[in-house]
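Let me give you the structure first, and then I'll get to my questions.
Chain IDs A, B, C, D, E and F follow the sequence of writing; residue 1 opens each chain.
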């Protein structure tokens, strides 16, 4: 519990052991990143919730898609910038720096993606994500048509929407429980 | 595909058969509701995405929780009202009518939860969900303290946050792809 | 007064009898609807105010106009959706269901008119009403030109504006005094 | 029509003569103010609409009320400031200057009522009108209780709400049709 | 100090005498306007701050520029209208009246510049200032291109931006300390 | 000029040489930072404007004050976060990292100051700056009283307001002309 206390503002008793599959998942994180992301530790009080979260996350961000992994991380950072989500800006800002090999790209997407030197295609993708975040009730066919005009297939539009929608969930989860990012993210891929 | 066309504005080719587990899930829906909710048909182009969505949904809305199923549906409707999400207001407005046996409660939560005759506990729960939806960057310890003052445990706060955050995802998914609710919802539990 | 108490949050002493003309009006409501709408009961403490309200309402919503009665009710519902006005969404949502013979149209306009299958003309009409509701200071000649381009005459533009403006008044009146809709509306014209 | 053209952006043919009662009303305006307010000329294409508008306006702003005429004009100006309504700020700003004998009060209410030296009672009244204008969906019992705490009776709360709601209608009507204030207002009661 | 008390809500001890240059500046104001503007008195507790403010103000508003002095005052009033800044609306509304010889232009810009009869060039200039005030994060190349299309050179765009940005500073300074305009402004250039 | 082109989107011809004093200022920057901040290069087309900007900046951020230099930089970053100003977040985020010796503090203030572990005094200071940025029209005596309650003198309140107001100017200047931060900032004080 003291562990859990450290990663969010809530004190929640564990509902049971993680089980083999999730233990392996945590080990793999530790191996690849050098630590287990706090979002996973936050969900770990419930192995069922943690598994559901991890399954959705891994499919969205890592599975095959018309969008590259970097493009998906870019969407995540821009949504988190609109929502001012500290946890996600730190964790996924680091991912953008790492995947792009461009530390300044991570920083400009955290601040304001309109100041970034983006292709028109990427700009349209991020405009869609921004609008979906701040004015979901105004989304309409012209928004989809614009993406099609930049060469995105309908399946890509689904993925842009799904990643942007997912970060609107995780941003709110992080803000609601005051989720704190692992300190390791801050120095990652700075040069 | 023509099926898929009918439930969203996107045309996406199926990535493969649903498989036994999801077929059984669809049959169970059909049995209980008389139809398969369009949100599930929308995700069905990808069995992996459908499974991830169903797992998260079923845990959040149906598993054991300090919140009743009705309370979770109330949160879903109020978030969807803030986001003006047609699909979710229709589908989950019906659920509130059904679970509460009070058709007018469903309608008032669709319109404006502040006009409903709610206990202070429910009012605080829905105020939290509304704020988390519209001003996630302003969430802070006093918001959690308020819920604690109404008798919510930290685990309940997690669940309120998780349901509200989830509907912020599904509202945006529905708006982004123009998801259309099954017509059967409209007449359900009207008296 | 106890009557009045039930329809709003305010307790206001009657200023005198309704008089013949308003009594006849109430009887006609009762005959046609089976009840007297609570908004009329709310105003009834002052026969002068009630008469002024009824005169404006009846001219706007029922008199000859280039807009059909259904179109005027559609505007009323969309404005009330922007303002989250419970009373007006219930009462005028029912009117849309009844006048259109399409229960789902009522429900989608309550939720988000952008999700409705509307003619471009109706979409332009409702876009105008939405913008006039949320950003009145930004209205300008191009907004009127757009309506003209969809075949609306200047007299129709007046009527669209007048109905939208009127519901911006009644929405605020209803919210300010917590006006509660007659329960009879909920079940009306559901199939 | 060329007359009508000058007071709004719309060209609407007259539906018939004003009739004796409205002619007398216009004469009375002319006598008292030296001109007929353009809002009345704008409505004059329809004697029925003009009569309904005049009846509601005269009851709200001039009839007996727990609120003084100046207080009602103050509410009108503050609502119009929130909505940036040029017509109403000019016409009712002049009324505040005239009724108060304080030209600077008119100007500060046009700009920002929070900068005015107001009694706590007036400040509460105008806070209520401002909130009702910009966030009608958030009005609730505590807002009414606050007014009661400043000595307003429930009948006064009705009148505050009714005047604020009315200006939310007229502000939108003026913005929608580009209503232009009579030039005579500008110089009125400046010292 | 009692002097200072009168012009803002803060009580701040003087840090020393104004010195010759600033004394001369105050004398010149007195000569030209008949009074020293309260914003200068507010800054006068610190000769260094006053000098820095006066230097920036005088360069921006009075030095050579592709924008006329009236155009710069128009921008100032429109920004102050968006921010509802009482001090600046009073002081710079007077300046617009004076420089334009058109008292109604001052009043319409205070209320809503969209209701003014402006050249397309001036409308574009004020649209830029309004957007920069309310949505600075959305400024982008198309906004600058629009100004270029109306004949503004890049140096003019700098000046439009600089004046609008400056009033976003002074509006906030005035609001934060409750700066009160000199009463002399109210009657200036009214006819 | 090609230099100037690189730091903003505008092409503006130089109005003359910097002169000795500003040349010395640039040299000092180069010495202390290893580069001349692009904001200074952007203003350098006009020595008068550059001098006025530098004078105000240096007084506000570096002169004696009840606020430490770090506190002033914290305000700058929080205002820039509200306005999503890329230039200022990069340049002043670096300053917060450097002055505090705490790289994570810089990053959390860029994202959302509410997620930072702040003293109540600092939290109140930053709440004031945030509100002044986003709702300047709502500032009032209770906002100042709150700061006084945390031990801020009236002179400190002036300085908090002045720094927050100044960044509201520079944020808009940077956004309006697409000012681009020196790349050196990105790696500064990261560990």
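Following the convention adopted for this analysis, a contact is a pair of C-beta atoms (placed from the backbone, for glycine too) under 8 Å apart; a residue touches a chain by one contact, two chains touch by 3 or more.
What you see is a predicted model, and the numbers here were worked out from it, not measured in a lab.
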So if I look at the partners of chain E and the partners of chain F, which chains show up in both lists?
A, D
Could you let me know which interface, A-C or A-B, is made of more C-beta pairs in contact?
A-B
Among all chains, whose Cα centre is located farthest from the one for chain C?
F
Which integer distance in Å separates the CA centroid of chain C from that of chain E?
43
Using mean C-alpha positions as chain centres, tell me how far chain B is from chain C in Å, no decimals.
29
Overlap residues in chain D, where contacts from two or more other chains coincide:
84-85, 112, 137, 139-140, 175, 178
Can you list every touching chain pair?
A-B, A-C, A-E, A-F, B-C, B-D, B-F, C-D, C-E, D-E, D-F, E-F
Which part of chain E faces chain D closely enough to touch in the complex?
81, 84-87, 89-90, 103-104, 107-108, 110-112, 115, 175, 178, 180, 183, 186-187, 190-191
In the complex, go through chain F and note every residue touching chain B.
112, 114
Under the stated contact criterion, what part of chain B meets chain A in this complex?
9-13, 45, 48-49, 51-53, 55-56, 59, 63, 83-85, 128, 132-133, 136-137, 139-141, 143-144, 154-155, 157-158, 160-162, 164-166, 168-173, 175-178
Interfacial residue positions of chain D with respect to chain B in the complex:
137-140
